[in-house]
């Protein structure tokens, strides 16, 4: 069954067509890479899938269910987790508090108006678990505003993982990282469970190509090439649109 | 008969509201500053006009506009600019200032309502069959229409307007292309404040001027802007007419509840289009 | 340290009536408690929810009028009137919240101002119900107590109860969610939180606390008129919040103390309170936007620092305050 299906998806801002008639399927457990030059509409596509933007036309189905009309939070409840290209963290809070907020979001305890959240050992323990997988446990109680950029990038991923998603959207998880830092995140991505469906936007070919099963190439909002990794790499249009740059 | 006169009075009131709201909307649209001194400027304009009326009606109007423009420029320079980038501080700063202006008006002009006589040639009424339309209210409607057209021409047809539009669309981009954005801000602030002052002066013969006029008019202007869409001139025009009609008829038909009726358009418009009738859709 | 401070201040508040020279000062102390509670309600929304309302006096007024009409005009017992006022005030918050939360940021501020002024207009014009500008006076029998000492302790008890509940609420998961929506609404909805509903909850809680303060207000003054719900009163509350430190639990109480005292002292010398209020607004916003306590600390530290620097050029300038 397909984990995600986009049908004739289009989005325009005023007269600007940012996504035009994009259709593709992502199978369950697939690792899909989305390529495309700057301004191709990749982040916009994520915003449409996650529900932050309403499509001008077309539908989005999640595991066979049409979610086009659902707001972002309801889609999150159906298993979409995402990271942001531009860091979107609670910078005044501690690292672990960020992760706790993320795991709290999928339980009904988020509506509990009494009892201290900080004192909740269960949340703390599961958050620590996740921080260990992204190698941030050593700064769990540090304020985010005092952490390094590389650490924040990993925290972005940690928050998406804490949502326990079925479909994980990663928007340039390596952006702005040094070579060593990339290695760390690469290992982390490759260690993700194979059952998890992942769609990743990434410019770093070494990491991205090693990760992907299938690749979709986006240019000027249009789906240019869509296929298995080797097909897309071999396709001359890919070279022209992207790799030649 | 009743409906025609009521409608006419509504339009006269809408004219005043438009003068007030257009300036507010312009400033907000360009600078993202909700200038809460605007209502106080309206009242101050009225008071200035009553003091300058000895020199003639037109001089009084000009004095009101010039006085408020000057003050508006000072506010922009000394307060708003200094707090650049701090939206909330700017709003609260202008709010604090509005208390000062209103209180000083009370000190200078005392607490009694002061009315202003319209010039001789605008006294009396125009007769049309069985209807009598007071000339001065007709004059208000004409002035507002004139201002609306002039503003529209300035914004749409002049280089100043082009710069304003560019700065509204994308302030950083405008700055990068060499548009002197901060000078533009001052110009627009002066212009908006002058409109408020002129509005207050022109309204004085109808509403008279009294303490509390500012806090009575400011929320109406806010409603106009919220309904019409922030930063939109046409929106301010439609909003003014809407609020003018509802408020005027409300006061005639349900004097006790004329304020409650103001909820109505707000609820409906916000339910359907939270950005206002002609406001830009938020991304 | 913090606990010690709270215990100390609570103890002082408990014995304060016996330290004050007379009922006049006791009255002012009680006013501080009531306005403090009102400022706390504004802070719940502005400080924790990130939504600044300039129309909160509307809730204070609706509650006070609801009480005054029920107990004064219709002669019901004070406790029934309290119930009615709680119900009507909270219902008003429920309705206003639906309207105001269609927008955010500056538009929210403008709408709340307009809503507050509409309520003021109704109080002013709907004379059959509200007696217009003259307001409604209540006899001694129409309030819970007319004894200044009892009133002080009633207000203190209510304030303490609200503060304890609010402190727990802020630390709860829902409280954390409210702050999260304030800081990163986009992330919060991505994480599965219904940001609208969370804001609405914050609005309701805030409206409820304002309602409670309105009920206390009409007890201590035995009088309500449109002036109590003017834009000035809403603005004073915002000033109290900013002066005391926005988003802190006890800041608004400190701010209320400062503003109420200043207002009472000033009224002895001048009737230009609005001008003074405006000047304080400008001063706080320009000179110490982070609040009086951190602001004075920072400025003092700066003065001491430059003094030391002048006296002993070798001394290094340590940053003494950290921006939060």
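Brief remarks follow.
Lettered A, B and C in written order, each chain numbered from 1.
Throughout what follows, a residue touches a chain if its C-beta (ideal position, glycine included) is under 8 Å from a C-beta of that chain, and two chains touch if they have at least 3 such contacts.
If you're wondering where the values come from, they're calculated on a predicted model, not measured in any experiment.
By number of C-beta pairs in contact, B-C leads over the other of A-C and B-C. Comparing the centres of all chains, each the average of its CA atoms, the largest separation from chain A belongs to B. With centres defined as mean CA coordinates, chain B is found 47 Å away from chain A.
Chain A and chain C have Cα centroids separated by 42 Å. Look at where the CA atoms of chain B average out and do the same for chain C: the two points lie 31 Å apart. Residues 28, 32, 34, 36, 79, 82-83, 86-89, 91-93, 95-100, 102-104, 106-107, 215-216, 218-219, 222-223, 225-226, 230, 255-260, 262-263, 266-267, 270-271, 274 of chain B touch chain C in their complex. Contact residues on chain A toward chain C in their complex (touch as defined above): 50-52, 71-73, 76-77, 81-82, 84, 88-92, 97, 101-102, 104-106, 109-118, 120, 159, 163. Residues 52, 54, 99, 102-103, 105-107, 109-111, 113-114, 116-118, 120-122, 125-129, 230-232, 235, 238-239, 242, 272-275, 277-282, 285-286, 289 of chain C touch chain B in their complex.
Contacts from chain C toward chain A in the complex involve residues 168-169, 171-177, 180, 183-184, 186-195, 324.
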